[in-house]
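There are two complexes below, and they share chain A, which is joined by chain B in the first and by chain C in the second.
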Partner chain A sequence: MTRQRPFSGEAAHGSSSRFLAAGRLYWLLLSAGVRAKMQYKFNFISSTLIQVAGGLYDFSLIAVLLWRFKSIHGWNIYEVGVLYGVSRVGYGLYRIFGNELERFESYIVRGDFDSVLVRPWPSLFMLLSRNVELSQISLVIEGAGVGGVSAMSLVRTGALRWTDVGWLLYASLASACLYTAVAIATASAAFHIVRIEELQVFTQNAPSTAGLYPLDIYPAWLKYTLLTVIPLGLGNYIPVKFLLGKGGTWFNLAVPALACVLSLRVANRLWHLGESRYHSTGS
Partner chain B sequence: MSESAAILTRHLSKSYFVPVRKSGFFGGLRTLISQEKREVRAVTDVSLKIRPGEFVGYIGPNGAGKSTTVKMLTGILHPTSGEAWVDGLCPQRQRQALARRIGVVFGQRSQLWWDLPTIDSFEILSAMYEVEPARYREFLKEFDDLLGLGEFLDTPVRRLSLGQRMRAELAAALIHRPPVLFLDEPTIGLDVVAKTRMREFLRQINTRHRVTILLTTHDLRDIEELCERVVVINHGHVIYDGSLDSLRDRVNLPTLLKVKYSGVPEDFRPGQYLGPEGERLDRPAEGAWKIVSIDVESRTVEVQFDRRISPVPAVLVAMQSLGEIKDISLVEPSIEDLVKRTLETPETVSGD
Partner chain C sequence: MLLTAPLTNLSLKTRKYWVLMSRGFLQNLQYSASHLINAVASAVFGIIYIYLWKSVMPPTGFGDYSYPTMVYYVSFNETTMWFTQFGIRCHVRIRDAVRSGNIAQELVRPMSFFLYTVAYEYGSMIYGLIFRGIPVGLMLSTIGFYLPKNPATWFWTLLALLLGCYIGIVDLYLVGITAFWTTEIRTVYWTVAMLSLGLGGASMPIEVLPAPVYGLARWSPFACLSFNPARIYLELSGAELIWPAVVWSVVLTLFAHRATELARRKLEVQGG
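Moving on to the complex of A and B:
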């Protein structure tokens, strides 16, 4: 047999083209995920419809209460609707692009994280690009619908300016970022304790639902928890409160960006610490 | 680290701590709240030096520490103590850089996109490893020649046979032309034809492109046909490092031959010995082989012999003199037998 060129691996590109390569790879992986999902169209359509119906049912409950009592702690139905919309859009964006964090427990339990670690990219990037959960777009549609209708009503009454709509979008993006940071921190716990489903209820599910409504309605301990340890309120409640003229200063609008940077840094540290403790499974 | 090593480990160890299970009433609850833990040593003090281009079999029974070692060498697990370098890189500190220089196949875990055509997985992986388009086309051509990828490139991975999928897995692990390849049970579950094809491919990759290969397997035929060197591990310790032939010589494992006759010859009984001409002996003798079992119903006789003294054809000729042979099969010793005998033989560790 003739010996050919020895294998020597593929070198990584320079930092600027590596950024482009990351973008191209992310796009390729996400589109592959979508194509894979589209193999099961019925499942995709039905789960999207169920999600929308469930979300509207949730909001209708609070709408009925507000209709009856007109306001809760000084927030009328349209103001609650704006906060609900901002939070829901942010949560929906997180669920679309960060859904693998929701099911991270199974990566640890089944040892599937092995295949993430043998790739030449950061493990978090590889994990998040494995799947895009398109059916969660229902959350964005529902949030945009409720938030949009409520914001328009407030604009008509002069309680909100047209220019504030941009700030609401910014708050939604910041919320998505904070949901992601909390989910990364929670997922990192799986490296140590393996099972995190119950923990996710405490750090993600319950706070996400609580964050849909004004924090003023909750006891102080819960309100401050949502503004510190699980800082979801910094992305939606703090900026929306100022935009609706319920207190605060322009600094309230800087808070979401600062909270995102800080939370992602902390989450990233926890992730790397956890990664070094990964135990894998038997083969 | 030495430049002449593709894989180098020094005193590599990995331990886990597991809770001590309590017995008696409320045992489960007491285990949960107890701080008492027990150390489980998965790998202990493994020092290996594998040179570029070597094809090494890494064998041992289930739970011996093979996969744990491979996972430490690929950067998946962090060792408790000791050091490792693969192609000059530290798997834990330089994991991402190392991923470009190694290929990994876990026989029981797919790295392909299950619902998509096989070609899509290759395209994604070529982008992931930043393979130039010309090099990618070259890869497709070469691997189509070697593995016949072309016949199933457009088929979704979930519809591939196990043999096809393993061919695709191997190609996927080599798309970025890594100089080191880790194979963890790549032939598990494959039929004889698929195994033969895979072994032929691995031999070619090793020879043509000087790829260093570390293979863990439960199939001794894989080792026999491919590996010039074998490392045996048991309970986390390396108990042998050298050639398979010299391991066989040391542990002297008998080969088992099953012979099916048209009628079982009379006066055969288990425990009897047969001489080189097929004559019956009542006690062991040099060059004699032993009747292990006789199944009258299936008319099958099993004999054990030492291949170093009695070549298989000679045994067959002698067996033929005892009756009309309908079928024969040769059963090689299992990895478990090999490890058991290695442990019984003192001072078996050798190698570098």
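Moving on to the complex of A and C:
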């Protein structure tokens, strides 16, 4: 048996081929999932349309308030629309690719996590590749629609530059990463306390709603919770605030990337810690 | 003896619905710990809306609502939504029973399917108010929670809430009944849920809506879920707001009975 030296060319080749194999496997599993979903095309289209309409309800609430009162803490409807768009697209991307984390409680309760553990790949990777929830594309459509229309209006008035649209896409992707990190950390709690559905409302749903509005409107404890412990505000509010000229420096644009790296590392650590404590419920 | 017989008969008839209501309450009791965690999240939603209002409202207020009144409005609705809107599951149970074929057994019970469903759900909603709503109210009371000065207000509010809860349950009962025709109820459910939240005045008083929508919302059954009880409780309106709830309760009950009758004829049992 030969031992590979760390960082040797062979090891690098090994890790890159494993990475490629993981990519191929992920693609294979996801495309199988998509094909399965597309067996019921009508159901997919109707549920997507319903969810777009349902999601637009949230924005209509904001729109009615802004129609009546003109601004939220100095943010007009287009500026809030951009923030809303970034948050929604990020949340939608997370829900498409990370939906299994949303229902992770049932894996623990029913003992289904055993079947994830017996695969020769990291459990988190296997879990995320199990399903792609295409119907959640409604969130992306809705966010892109509201955010796109708002951004175009701001570009026309000169409040936003064309190049900033690229930064908004980057902020959306960073938001998706941060939502995933928070969801992984919350799911990890299931290894210890089993039931996490109510906890998810606390760590994911409520912060996701809070993130649709400028964080400056909230009391300090809530604002800083959304910028530290549940750092969803670092992906949307911090960069959007700078892009709209409402304060901050270029560092506001670097924050989302740094937050993603740090949050994913912490979440991954929590996952492994939880996984090491896992006890099957199976017979 | 002859005189008391009808009364005994009536008490026997109502007793079974009382038992069902207790079951609905007790079945939820086992999840009370996790529901208390959820209450913290619900309180956060309340805080979000309170501070949102604080940031948009002009110093002079809006209509009947000053900023403190809005805090009370949001606190009250976040508390009572767990009684009149959130947590109603009868539509899901009916849909699942239709899909599995168990609906046949549900319908052969020697009692009204409608009253059976409503009684069970009512118990569950009373649980919702005590274990989910009131903890939210207690948490939000740190920001502000109004206590009416007039004792009669408590009575009218309770009546408005009891009727609001009934309307909320019957709305979703009707959603569930559509499963007899369509099996899938998602579209109807989402439509009713959005109307309940939007026109019900849960997160904002319906006077904020554009005039034509306000006119529609004001007389819709959805206003009886949150908006009317809140106005009575905050002593912004009197007991006259009970009447729309009474009328809608009667109309929806008749409609639900008719729909149940039609569904019974339409029944198609799935499965073997």
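Here is the rule we go by: the second predicted complex is superposed on the first by the 269 of 283 C-alpha atoms of A that agree within 3 Å, B and C clash if a C-alpha of one lies under 4 Å from a C-alpha of the other, contacts with A are read in each partner's own complex, and residues count from 1 in each chain.
The rule is simple: a residue touches a chain if its C-beta (ideal position, glycine included) is under 8 Å from a C-beta of that chain, and two chains touch if they have at least 3 such contacts.
The structure presented is a predicted model; accordingly, all values stated were derived computationally and were not measured.
Enquirer: With the two complexes superposed on chain A, say which partner A:Ser60 touches: chain B (first), chain C (second), both, or neither.
Expert: After superposing on A, A:Ser60 lies in contact with chain C but is clear of chain B.
Enquirer: Would you check which partner chain A:Leu29 touches, where first means chain B only, second means chain C only, and both and neither mean what they say?
Expert: First partner only.
Enquirer: Which partner does A:Tyr224 contact after superposing on A: first (chain B), second (chain C), both, neither?
Expert: A:Tyr224 sits against neither chain B nor chain C.
Enquirer: Just chain B (first), just chain C (second), both, or neither: which does A:Ile50 touch?
Expert: Once the two structures are laid over each other on A, A:Ile50 reaches chain C alone.
Enquirer: Return first, second, both or neither, reflecting whether A:Tyr278 touches chain B, chain C, both chains, or no partner chain.
Expert: A:Tyr278 sits against chain B, while chain C stays out of touch.
Enquirer: After superposition on the shared chain, which partner residues are touched by A:Ile72: those of chain B (first), chain C (second), both, or neither?
Expert: The second partner, chain C, only.
Enquirer: I'd like to know which partner A:Phe19 touches here: chain B for first, chain C for second, both or neither.
Expert: neither
Enquirer: Touching chain B in one complex and chain C in the other: list those residues of chain A.
Expert: none
Enquirer: Using the touch definition up top, name the residues of chain A that touch chain C in the complex.
Expert: 43, 46-47, 50-51, 53-54, 57, 60-61, 64-69, 71-73, 195, 197-199, 201-202, 205-206, 209-210, 213-214, 217-219, 222
Enquirer: Would you tell me which residues of chain C are touching chain A in their complex?
Expert: It comes out as residues 34-35, 37-38, 40-42, 44-45, 47-48, 51-52, 54-58, 62, 184, 186-187, 190, 193-194, 197-198, 203-204, 208-210.
Enquirer: So in the complex, which bits of chain B are touching chain A?
Expert: For chain B paired with chain A, touching residues are 16, 63, 67, 71, 74-78, 87, 92, 95-97, 99-102, 104, 106, 108-109, 111, 113-116, 120, 123-124, 127-131, 135, 156, 174, 176-179, 184-185, 204, 207-211.
Enquirer: Taking the touch rule as given, give the residues of chain A at its contact with chain B in the complex, in rising order.
Expert: 1-13, 21, 24-25, 28-29, 32, 35-36, 39, 111-112, 114-115, 117-122, 276-280, 282-283
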